[in-house]
């Protein structure tokens, strides 16, 4: 059966505010870039358009209504995934695998800066019977999770600090407005928001949009000599009850990862992959992701302390600077990471460029309080 | 030229009936006990109590009184969501339970009343403080908070 | 016969009020501050000036109202501003007796899709009709008739679709 | 898009289940999902442990009143440590979640998929209607004080104007569907009414009256899809999903032809092509088309090429669309009769096609022998059509 390739990607910059454009113009900017990158005429060529979003991030009930025009999808099969952009990529992958679809575009974006009452949206995501009447701050849930993960995986604040410094440093190349050159003193003076979660452990919100174009093998070969192949995908949720997940390992990331590894024929991920872009919405999540994706070499602390995950290390992680360095664009999170990975694989990562990487993993988890994961494995 | 447009999404009121699992929980609150759901097929206890087992999908027939509650995780909230310092820090605990020495899967997230959060130790026994019987409505807020259990 | 014994426990509104049904409560009030972008802002500004503006696409020659960022047919940014005038033809109209929360209105409201003259055929906007007998809507005599915008006085306009009070017929219904 | 390719992973439906559709149900959203899913699994002869992937459908989050609703309700789908996602296209979500279930299997990634659609509208007080006005453009439309029924009334009136259709003929749809629903065990509004009852019911937004509209409902529906190999192990008579199609029109609904659902024409075309159908009117034996309003059944029949433009009211008047007619439409009772928990209502239609093709619809069974059935839903700002075609 046909392989699936990524043949185009386009993005706006990710910035704390994008007041010069409305969300449609932002989506259009990313889409035009992606279509030019892929060398396609969307009105003629596209078979399907997928967006990833949730209504309340947008200010519209049934956001799906407002997407076809600016993505070139009018009177075509278009739909929305209530998930991260990476879930959108997975659906596109499946559609192409059915054999009926040749070219599918996937879009995700964030206009977080235009939401005045962001906290209430997070509050509204909590279980209405047992959690919402008691807790109103999503960082409280993240902090409980952090305490659990630090205990289960023996993570220390030093390890978190090294992760934060690394990601900020990597983000400098991307011109991120959030990227800082931190030292330990800076980090030590960071205040608790929700103990043990500090200000520096949290990725701030950011606006932006990214569009990717996926193609069947046949179509990809028509369009480009250098497609990025999608070798494996995996996704899973750990279930809806946070209470159950709070005292456990995030095993579903392991499930999603293994699904993708199996598909890609990967047995020893750390040896077979060249780098990874993983979830770092909160600093501890990067380390948890690495452990769950079998990218910790058996000893997470040793890896972090020895700088294995830095750009110069044996297994660079979040080479684009991740969410900590670039900001967290809501459902576009996975798309931002995908963009960073594709740039690396294409040799377009500038100062951050790794030496000839061939295989990469992108993994993301949806925003608090969800427990949903998506994993994609890319190869040149 | 107009650059911004401010608008709202509002819904005056939502009501969430407690459902089949919640009904059992409410019954417990009345008697100042906490019930955990017991799935016979999986031999597993669950909190909050549900009407069904999400693993095997069988209906929950038995609800059992929890016999022990302890602090498993906690967080001290110093700032609000927008980064502003709070007047008083808020402490939330993740409370886990046992039924006759058996672990209960899940637990409850609730406010924790404690004098000095820096002295909190994980694993300490805690107990719920209930609102006066007349004020109870059969939902989680019938518990005012959890507090350390004095031995 | 399928479905066999469909499960579920119905209850009545009154059971809420009697306290038989236990529940938690919440409400929602979310505020957004949208950027209008290049085109929508100009459209609202136009309304403040008493003009209805559209966008012209050179790719296909269409004039869009409300003005669009992107042409749905050509997938390209639209090119020029066009003042389309404030008269149009009634494409369809209805008489509303209820409000958004389904409560009854004191006085029925007439709502229409009006195809603006000066825009490409079929480009309508949603607005109210005034000075029309509801009977003429019910018997559909108003369909296809020419109507014209009745504007708020300039000093009361705020740059909103409500700067037009309603459209009224300019030919016999 | 490539069509008529030799197709390796044929997808079958092997079980369906649903809860009651009622104005208010006491169970929580996830409990409703569980109830429907368990019914579907029982019918398929599977347990939740056999399921390797779950698809969830719900229309806007604002009804159940939970942001990122799919995540919070994952337990109800038994999606513990399993692949699970939510897809949506507004009101079209019900049928669309089945389409998503189709590609999970057809892609070869999943072998046994549970598709669940659920909606609980009763959480909204005082009236769920209120939530609908947030679907309009906040800048160009919402300030006018919009109300959902406006747009449907506008479309209905345009349709009546263009083809000179009488309200009496449209009312026949409501009469038929509510009568059909009397035979549906889960129905909320099965009843015997007359055309006069419809015409004398409360006028909401002329030409829409109370009995032209489907009710507000709670409910959930679930289906089980498998690949060919699993289907043949489970049953001697799997029902095959032979065609899917969907299409989304521009967001600027006031710029569209309101008398004809172009998006549905495209969606239908896609599904027909996939199923190898050249003459829908002859080859489709019966259909469950989306009928939240009575005129929509007619509108959709025309969009699906089951009737010529303006012809659907005539077919209805002649009894062609009755259960014993030549082209039975909505033998279940549709949304008008069974109820309208938005996404769940759409999936109920797919379930009905499944039961009809299996010959298990009992008193609802259509008279003629049926081989090919179609289910369709519609949504967003009157802009999306979703179609699924199933065969015995």
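Note that the chains are named A, B, C and D in the order they appear, and that numbering of residues resets to 1 at the start of each chain.
In this section, contacts are C-beta pairs under 8 Å (C-beta built on N, C-alpha and C of every residue); 3 or more make two chains touch, one makes a residue touch a chain.
Only a predicted model underlies this, so the values are computations on that prediction, with no experimental measurement involved.
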Both-way neighbours, i.e. chains that touch subunit D and touch subunit A: B, C
Of all other chains, the one whose Cα centre sits farthest from subunit B: C
Rounded Å distance between subunit B and subunit D, as computed from the means of their C-alpha atoms: 38
Centroid distance [mean C-alpha coordinates] between subunit C and subunit B, Å: 45
Subunit A and subunit B, separation of their C-alpha mean positions in angstrom: 31
Sites on subunit C at which at least two other chains make contact: 9, 11, 21, 24, 26, 28-36, 40, 44, 68, 72
Per-residue overlap in subunit D, given as positions that touch at least 2 other chains: 26-28, 62, 65, 75-76, 80, 126, 130-132, 134, 138-139, 250, 252
Junction residues of subunit B - those touching two or more other chains: 3-7, 9, 11-20, 22, 54, 139-141
List of subunit A residues in touch with subunit B within their complex: 19, 56, 59, 61, 116, 118-119, 122, 128-131, 133-135, 137-141, 143-144, 147-148, 151, 191-197, 199, 239, 241-244, 246-247
Of subunit A, residues touching subunit D in the complex: 1, 47, 54-56, 59-62, 64-69, 73-83, 87, 90-91, 93-95, 97-102, 121-122, 124-129, 233-241, 251-252, 255-256, 259, 366-367, 369-372
Contact set on subunit C toward subunit B in their complex: 9, 11, 16, 21-36, 40-42, 44-45, 159
Subunit D partner contacts - residues on subunit C that touch it in the complex: 1-13, 21, 26, 28, 32, 34, 36, 40, 43-44, 64, 66, 68, 72, 91-102, 111-113, 122-128, 134, 137-138, 140, 143, 160-162
Subunit A partner contacts - residues on subunit C that touch it in the complex: 24, 26, 28-38, 40, 68-70, 72-75, 77
